[in-house]
Structures are given as structure tokens and as C-alpha cells.
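Each of the next two complexes has subunit A plus one other chain: subunit B in the first, subunit C in the second.
Let's look at the complex of A and B:
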């Protein structure tokens, strides 16, 4: 609301002087980010424009060969697609599982709401390693889930739920669900409950009210949630490394392998730069989505 | 158990007194602090207790441990070239040490610098005069006795037994990013009629195994061996015995082709400002007190020959690691220089043929 009001102000009349104090306030944050985040990242990306000259070393000559090798080799493109596919599945999973939970949290008057919210953020309170290793007793072939399904006679042989792509998807949905739920809860809370009642009074069923009223109005929240989860899913390392059984080579595990094991900094830097570029492009595209009815300025 | 360990130390006391006494006069009290790159966890604890504390008490030289992954230590040493090194001493696995030597970041240490060097087994001494090994471990085959019996599979005696079709879906194959994975690649290369210079043969061979998964580290394989999801895996003596001691029905065997040596080396860095003090510390690490202390706490075999007799008197402890000349004869050394030349190529083949199939 406030942004659209500001956008409508005639630009030349905008008091320029008033923006400056904000810049000063931002300066410490920008300096810290620049120093501990942007500068090392730039250094890392610079490595990708050189040839490897032995372990952990690069030569002086500038080259684009690493990028050429990456984009012309189907193996790497497949890896990029696999990463992207993983991100989309996880994001979709989080949306489907998270939306009803977020709706409940936003609308419930229950005194258990605080406890439910705590349950939602609880995966964030456990270290990533413990959270991932914790899936083994549940999902492994001799684990609780397979034991139950076998006892109930629903399956004849244990399912492979871990050490493969399925395991990574399950682990990432669990890890990233809080981000989706918290984002959606905030947005749904801001939508007046009266609107749903009005829709019901005008004859809309619950599904229609959701589809025609709630979903379009919560779209900005959905998009930020999707974006947040997708960006975190395509850059996740620990979960693919532990639950993928090293069968799921994604960009993040490849980058870690090249930097930490092969000590091939140019190859790792190239993949890191491309993953970053990919994430930036997607973010810019996703930010074009506006809630229904609002025009882009 | 405790009294047994104590009497065990008592039995070795005269030997230790003899050697420690001779070097005690070598250095006057000093206020130097040595920066030492090590692994962390139980390993650093043992070195702190059996080497650093008595060393500091005797010489006044203080120790600061910088714990981390050995390849991270190597990366830091390479990054600091041309400036004083961030470490005076660094503990590295022998495979990483070979890379560090090639990168020119380590200093040499000969028999004149290290009086204890003459007591070490030949396999522990670096032929080019770089840091020697302070312990031996081995890569062999860990297997679940109960699962093998239930499936009617005979106990493994060869690396080739891991390709048994009856084991399909139950083999834990370590990735190329750890010591066991390195050794297993060499084992596969040999089975396929090649050697360290032909990773394509080894990778093609490994790709034929129907793996349960490809564990990248021990904390990932441990629960799989414990739950029985993995029946067999190329693995380390120490990690396997850790599980056996907790009641997991495993056994550790060295295949008839030979298991592979693993060792922890200790080196002085090339640009240390405290070479003399660093060498005095390393000499203590190679001494019998430190090595016996380590062997009593974590399953690594001493490289000091003087301990063979004592270890033979304690078979319950000594069976967990390479502890005698006969044990060492069952292990093969890997040509790390050739291995590392091929390593980026090997990882690339692994990524294409195994990690993303």
C-alpha cells in the first residue's frame, strides 16, 4: 500500500535530501556485508577466470575456458537441471504442506497457537547434521517407516526412501518448511477474515473462496515463500550430502567437492558463479509477480 | 580395565624414562608458542595429554592446537606461501602429505633432527626426508557376520568378493573424497589389471557394484552398518572396531591381495620461525610414551618398533590395529604421487559414471 502511494508521487517533487540519512544508517550494514560477504565472493568468482595450476592454485592468465567447458558439456547442464528440478519439487512440497498449516496458524484463536508455532520452527533449532542423520532410523530400509508399511502389508519389499533423490527431497522439505510457513502466515494474517465470509455469503464454496479470494490476495506471500525456499533448496549442501548417499550430484555438492577435495578452485568458482547468476535471474523474474489487481509501476 | 592400562604403562616405564631423559636436557625453558595443525576430537586430546602437556612442563614451550580437516590445513598452507606459515607443525594423512610436498609447503626432517626416527619401521619414514608417520591404520573389509550367515555368503577374503551378486544393494562404497575411498579405488584398479595411473579402469570396475550408498564419511556409514542396511564396506580398522566394541556384529578382515596402509604423518612447515622447537616436539610424538598412549586410547598402531614386544603382550588391544611386522606385511603402500596426478580426472569420471547415474 505504502509503496504504491510513493510510486504515485511525481518524481521531481520527491524531497531528495530526506533520503540521505537513511543511507548513513545503512552504511555500517553495507560495509560489513561488503567486507565479509561481497569481497570474498568476488574473489572466489575471479578464480573462475583462470586455469588451475596445481592443487589450490591458479595461473595468472585470464581465460573463459572454465565457462566454455561448463556450458558446452551436457554433464554439467544436466547437473544444473537436476539442481533446479530438486528446487522446484521441494518448493512445491513446502507450498502444499505449508499452506494449510499457515492458514491454521493465521486464523486460529486457539491458545495452542504459540505451541504450534514453536513446533513449526523446531527444525531450525536442531543442527543440520543431527537433523539429517535423524532421518536414518526413520527412512532406512530397516527403519520405522518401512517396518510399519511392511507390517501393515502395504508393501512387499522395503522402499528406498533415503540415500537417493527421494531422501534429499524429504529432508529439504522438512528443513525449509518453516520458512514457507512463517512467510505465508504473516501474509494470510493481513488478509481480513471478513473477505472469506463475504465470499461465502455471496455463494462461494470453501474451495472457490480459497481459489478466487484467498489465494490471489496471498500471492505476494506465496511468491516470497517460493523464492526463499527455492533459493535455499538449490544452494543446500548438508542435506544432499548426507541424505543423497552421494548419488545426487547437485551444484552445491559439486562446488564443495571441487573446493575441499579436488582443490580445483577454478572449477568450483565457475559453478558457484553460475549458480549465483541463476539465482539472481530467477529472483528478478519472480519479483515481477504482483498480487492480482495491482499494476506494475 | 583401568588397572590393566595402568600396569601396562608401568611395564613400559623404564623404556620411556630412558628416552625422555636423554632429550630432557636438550632445551632450556623457552617462551615460544608452537602453532600446530591437527584433527581435533579424540586425536588432539590424546596428543595434548601424552605429548603436549609433558613437553610444555619440560621445556616451557606452549602449544596452540588449530583443529581441522587435513585438506583444509593444506589449502591454508598453500594460501600462505611467501608469508610466514600459519602453522609450525602440521599433522596430515599420508595422502595429503604427498600433495603438501608437491606444493612445496613442508620442511624436511632427517635423523639428525629427530633422534627417534631410527626406531621407526621403514614404512613410516618418508623417502624424500619429509615428515614421518606417527601411526599406522589400515583399510580392509568390514562385514556384518550375521547378515552374511543369514544370506549364506562366505566370509570375504578378497576385494573381489564385494562384487558378489548376492551382495547387490548392500555394499557401502566410500566416495573418492575420503581415505577409504582412495584405497578402494586403488584396490579396484588392481583388480581390473591397472594401477594408480589408470583411474578409468578402477572407476568402471566400481561402477559395476550395486551399492547401497556412497558414504562420504564415517558418521554417515556408522548408522548404516549398525542398522544392517549396509552388510559390507571397505573401511578403516579403527572405525570398525569402534562399532564392534559397541556390540555391532561386524568383523574386520584384510583381503588376500593385501589391505592398504593409512598413516598419520607429522611435518615441520617450510617457513616456520621455530624449527628447533618444532623438531623437539615431533621427536616426542615419535617416542614410545606418546605412541603407547595413543594406542591405548584410540585404535592406531605405533610406528615405533620398540613397542612391538609390549603390544604382543596385550593382544586384546593390539588386534585392533597394525601392530607387528607380520601385520605390516599384509598391507600395501599407495603411490600417492601418481594417484594425485590422476585425482582430478578420477573425480570427474566418478561424477559422470557413479555419482549421477
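Let's look at the complex of A and C:
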């Protein structure tokens, strides 16, 4: 048999010459995807390569100036830094607050486990806008938290906890904590509890067992979770807009401002294209470091 | 022992933190004094009577948009998920990744992109998308369809093809097999995908903010734009009603599907 004969034999595992009929069934969804998602995004990215020609007007000439401004103009650099700082604070906060809860959920034989898991997930099912509004009676000058702290004598004058950066950090930690806890719970569950017992039997204290056994083993999953939470923190718009009281300028609030009030579409488009890039890079990185076959619960 | 006590105390604080903003909304909505001061000075139900009609019409818009989004997400998601899991064509994995990619894109970016696109679309065709219910549904399909695809793909992983073959051998037409065997088997994941699209549509602010406006204002956007200007007791009453409705919905979903399972479809 010559090689040409071999090539003529049907090769069931390879794609066939004529289109698979399933491709036709996929076509409507692909068309919708292209029309309502790919085309608008492409349009937005193209927009970032043009100048503004008056409010809500776009110049026809091609330019890279918008991107140049982002890496040279101190205004944009400061905004990028603030966005990054926000992301890191929120991620760190979620990790510190979420780890004990995840540890409990992963290890406890308690019959309250199901209820605890329900409590963790339940905020996700209440509209994000409602959760954001709830922070006002809690964090405002005359709100519940300041009232409690004053009563306890911990502070002498009310703290400003809302309509500023602090409020945004608190709100975002709250919004993203359930994701962090669910991710960490799966990660810890995959590590045999026997290993910690072995460490304890060999003389390690609880802290030592955590640092030398649990943390190194859970690191890839933890890092993957951190990257995803960071990506969600810098992409969020509703929480920075409401809890920042129009005073916290991060990438997301800047983009909305350019499209809603300043009407400099190319500037907003450039920031949006960059935010898109960050989100994609962070997600791809998160998937890369994630241990094979791992899924969040 | 001390370690367990410390863990218990930490857990209690974290759960208090998680539930605080939701619970306080309900308490404050009955506050007769200044709405943002704590503790409440007197009890009143007046805020519930003072809810403006714009909130009710926004709720109506939200429910229509979420229902259409859920139905269309499943209608486009089911064939796509079947094709992606059964087809043997070139670039299948790439197409799978591409069709799920909107879930990675920040909603705000999708929102401004669609806003910009609707302006260009108007210039070209003089068909308005922005500020219409169709525009809102289109905007929400960007994440609804991927949610539908993902939920059904997950459900399809355990599909037993022999059941379809049996139906065909017993004389059922391909169409009959699809409606009476394939769809019923996949029903739990179809329902999960639809519910997810519905809930996310009800929740969304960034896309509805840029695609809506005027008569096409959803409830979250109505609350968002109201809070931007002033913070009244009526907004708290609306928020408290949403908390109540969410609690009922949550209990129903937990009974019917199981929350843990439903959230498994999310990631």
C-alpha cells in the first residue's frame, strides 16, 4: 500500500473535509456572539486609536497618543497605581478574612457545615446594589459602626468610612469574599487532613503546621484564587461608584465618567481596552497556575 | 480548645460581616428618624408607602428583561452546548473558549462597548438599541448565553448516548428523540443555566446603565441613579423588599435544586 492509498483511508479521529453538521447547529449562536459581543468590543478597541474631536465626537485620524498618555501622564499613572492598590488591598483582605472560614468548611465534621456554607453563599443571591446600599446606614458618620465604636469608647470622634477609598475597600472585600472562601475551601479539601496530623505528631505547633505544610501545599490554588479576586476587584464598577461617592477615581469609575459625563469616548475606550487586557491576562495566569483538574465548588 | 474557640469567634465575626449590610437594610427601612442614623429612634412603615411609581415600573422592566434573557440564553445555549460536546470539527476547543470568553470581560467594558456600538448602529440603520428593552436584552445575552452554554456543557458531561440510540431504534424520529429524550435528560442543567441568566440579569448594573435609560430603566439602575443624587427612606424600603424577595427565592431554589449545586454551575 502506497502512502497515497493510506491518505485515502478514512481517519475517524481527524477532522473530515466536509463540514461537520454540528457546525451548522453552532452557527446561530456564533452569529449572535459576533454581532452582540465581538463586534462591539472590536469597535471599542478601534475607538481607542483615535482622538476626540469635541464632546462625543471622534476624529478619523489614527493615533497612539491615548496609550502614550497612559504610560507617561502622571494623572493616568496615579490612577493605575490606585487601581492596583485597591485590587491588592481587597485581595489581601479577602485572603486573611476568608482563610479561617475556608479551613473550617473544609475540615469540620460539624452538622452546621451546610448552614455555614449557606451563609457564605447567601449574600451572592441578594442583589449587589442592595448590598452596596446597606453599607450606608452601617458606615456613615452617624451609622451603626461609628455608634458602636463610640459606645465602646474605642474612638473619640466618628471615622469617615464611606464615600472614600476605605468604603470601596470594605464593600469590595464583602462582595468578593464568598468567591475567595469557595475557592480556598476546595483547595484545602484536596489536601489530606492526615498531613496536618502527621506534622502535629512530629512536634509541629499549629502555626508551624500551617506555615510549613498547609500553606505550601495549598499555594497554587491560593494564588489562582488571588489572581481571580484581584481581576474582579479592579473590574468592579458598581461598588467603587456607590461607596466611593464619586470621589474615588479608579479605572472603572474613570471609564464610566468618560462615557457618561465627560463624553471623551476615545479616552474612555482606551482605559476600557486596557482594563480588558488586564482582566484577560489575569484570568489566563490564574488558569495556568491552577492545579490540573481543579474546579471551584 | 483555645484554638477552636478563636476559630469560632472568627467565624462568628466573618458571618456577621457577610450578613450585616443585608440585615441592616431591613431594620433601617422601618426607621422613623433620620434614615442613616443608628440606632433607629422610632418605628414607621411610611417609607413603604412613599415608594415612587418609577421603582415599580423599573421592577416590571427588570422582570421582562430577565425572563427574555433567561429564555433566549437557553435557546442559544442548548444547541451550542450540544454542538461543542458532540461535534468533531476543527477548532472546537477554540470555539468553546471563545464562546465562554464574555464571562472574563468586565461587565463595564461590555457595557460601554455596547453603548458605543448602539450609537454606530443608529448612525448606520436608524434603529435604536440603546434605551430600549431590546437593547437591554441584547446586553444581558452577552453573559446569559455563556452561562447557559457552560451549565449545559457541565450537565452533558454525564450524558448517556445509548438512551438516544434506544429511542431511535424503537422508532422515534430524530426530532421526537430530541424533545422526549435529550431535553428531559438535560433539563436540570438547562434550568440551572436559565436561572443563572435570570439572576445575573436582575443583578446587573453596568450593562443596563449604558444600554438602558428612559422607559428602559431596570430596578438596580433606578436604585443606582437615585442614590447618586439623594438617599431617602423609600430607597431603603425598596432594598428591604428586594431582600425579602431574594430570601424567598433563595429558599425555593435551595429546596428545588440545592444552592451548592446551582453555584457549581457558576465557576
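Going forward, the second predicted complex is superposed on the first by the 234 of 297 C-alpha atoms of A that agree within 3 Å, B and C clash if a C-alpha of one lies under 4 Å from a C-alpha of the other, contacts with A are read in each partner's own complex, and residues count from 1 in each chain.
Methods note: a contact is a pair of C-beta atoms (placed from the backbone, for glycine too) under 8 Å apart; a residue touches a chain by one contact, two chains touch by 3 or more.
Just so it is clear, the model here is predicted, and its values are computed rather than measured.
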Residue contacts with subunit A in the superposition, subunit B compared against subunit C: C
First, second, both or neither for A:143, with subunit B first and subunit C second: both
Which of subunit B and subunit C A:125 touches, first, second, both or neither: second
Touching partner for A:269 - first (subunit B), second (subunit C), both, neither: second
Partner chain in contact with A:43 - subunit B first, subunit C second, else both or neither: second
Touching partner for A:55 - first (subunit B), second (subunit C), both, neither: first
Partner chain in contact with A:199 - subunit B first, subunit C second, else both or neither: neither
Partner chain(s) touched by A:161 [first = subunit B, second = subunit C, both, neither]: neither
Partner chain in contact with A:94 - subunit B first, subunit C second, else both or neither: neither
Partner chain(s) touched by A:246 [first = subunit B, second = subunit C, both, neither]: both
On subunit A, positions contacted by subunit B and by subunit C: 129, 133, 136-137, 140, 142-143, 241-242, 246
Touching residues (chain side subunit B, partner subunit A) in the complex: 69, 71-72, 74-75, 78-79, 99, 102-103, 175-177, 212-216, 219-220, 223-224, 227-229, 340, 343-344, 347, 351-352, 355-357
Residues of subunit A touching subunit C in the complex: 13, 15-16, 19-20, 22-23, 25-26, 28-30, 32-33, 36-37, 39-41, 43-44, 47, 97-98, 100-101, 103-104, 116-138, 140, 142-144, 147, 174, 177-178, 182, 206, 235-238, 241-242, 246, 252, 255-256, 259, 265, 268-269, 272, 275-276, 279-280, 283, 295-297
Complex contact set, residues of subunit C against subunit A: 3, 7, 10-11, 14-15, 17-25, 27-28, 34-39, 76-77, 79-80, 82-84, 86-90, 95, 98-99, 102, 104-110, 112-117, 120, 138-139, 141-142, 145, 149, 199, 202-203, 205-206, 209-210, 220, 223-224, 227-228, 231, 235-236, 239, 242-243, 246, 249-250, 253-254, 259-260, 263-264, 267
Interfacial residue positions of subunit A with respect to subunit B in the complex: 52, 54-57, 75, 78-79, 82, 129, 133, 136-137, 140-143, 163, 241-242, 245-249, 254, 257, 260-264
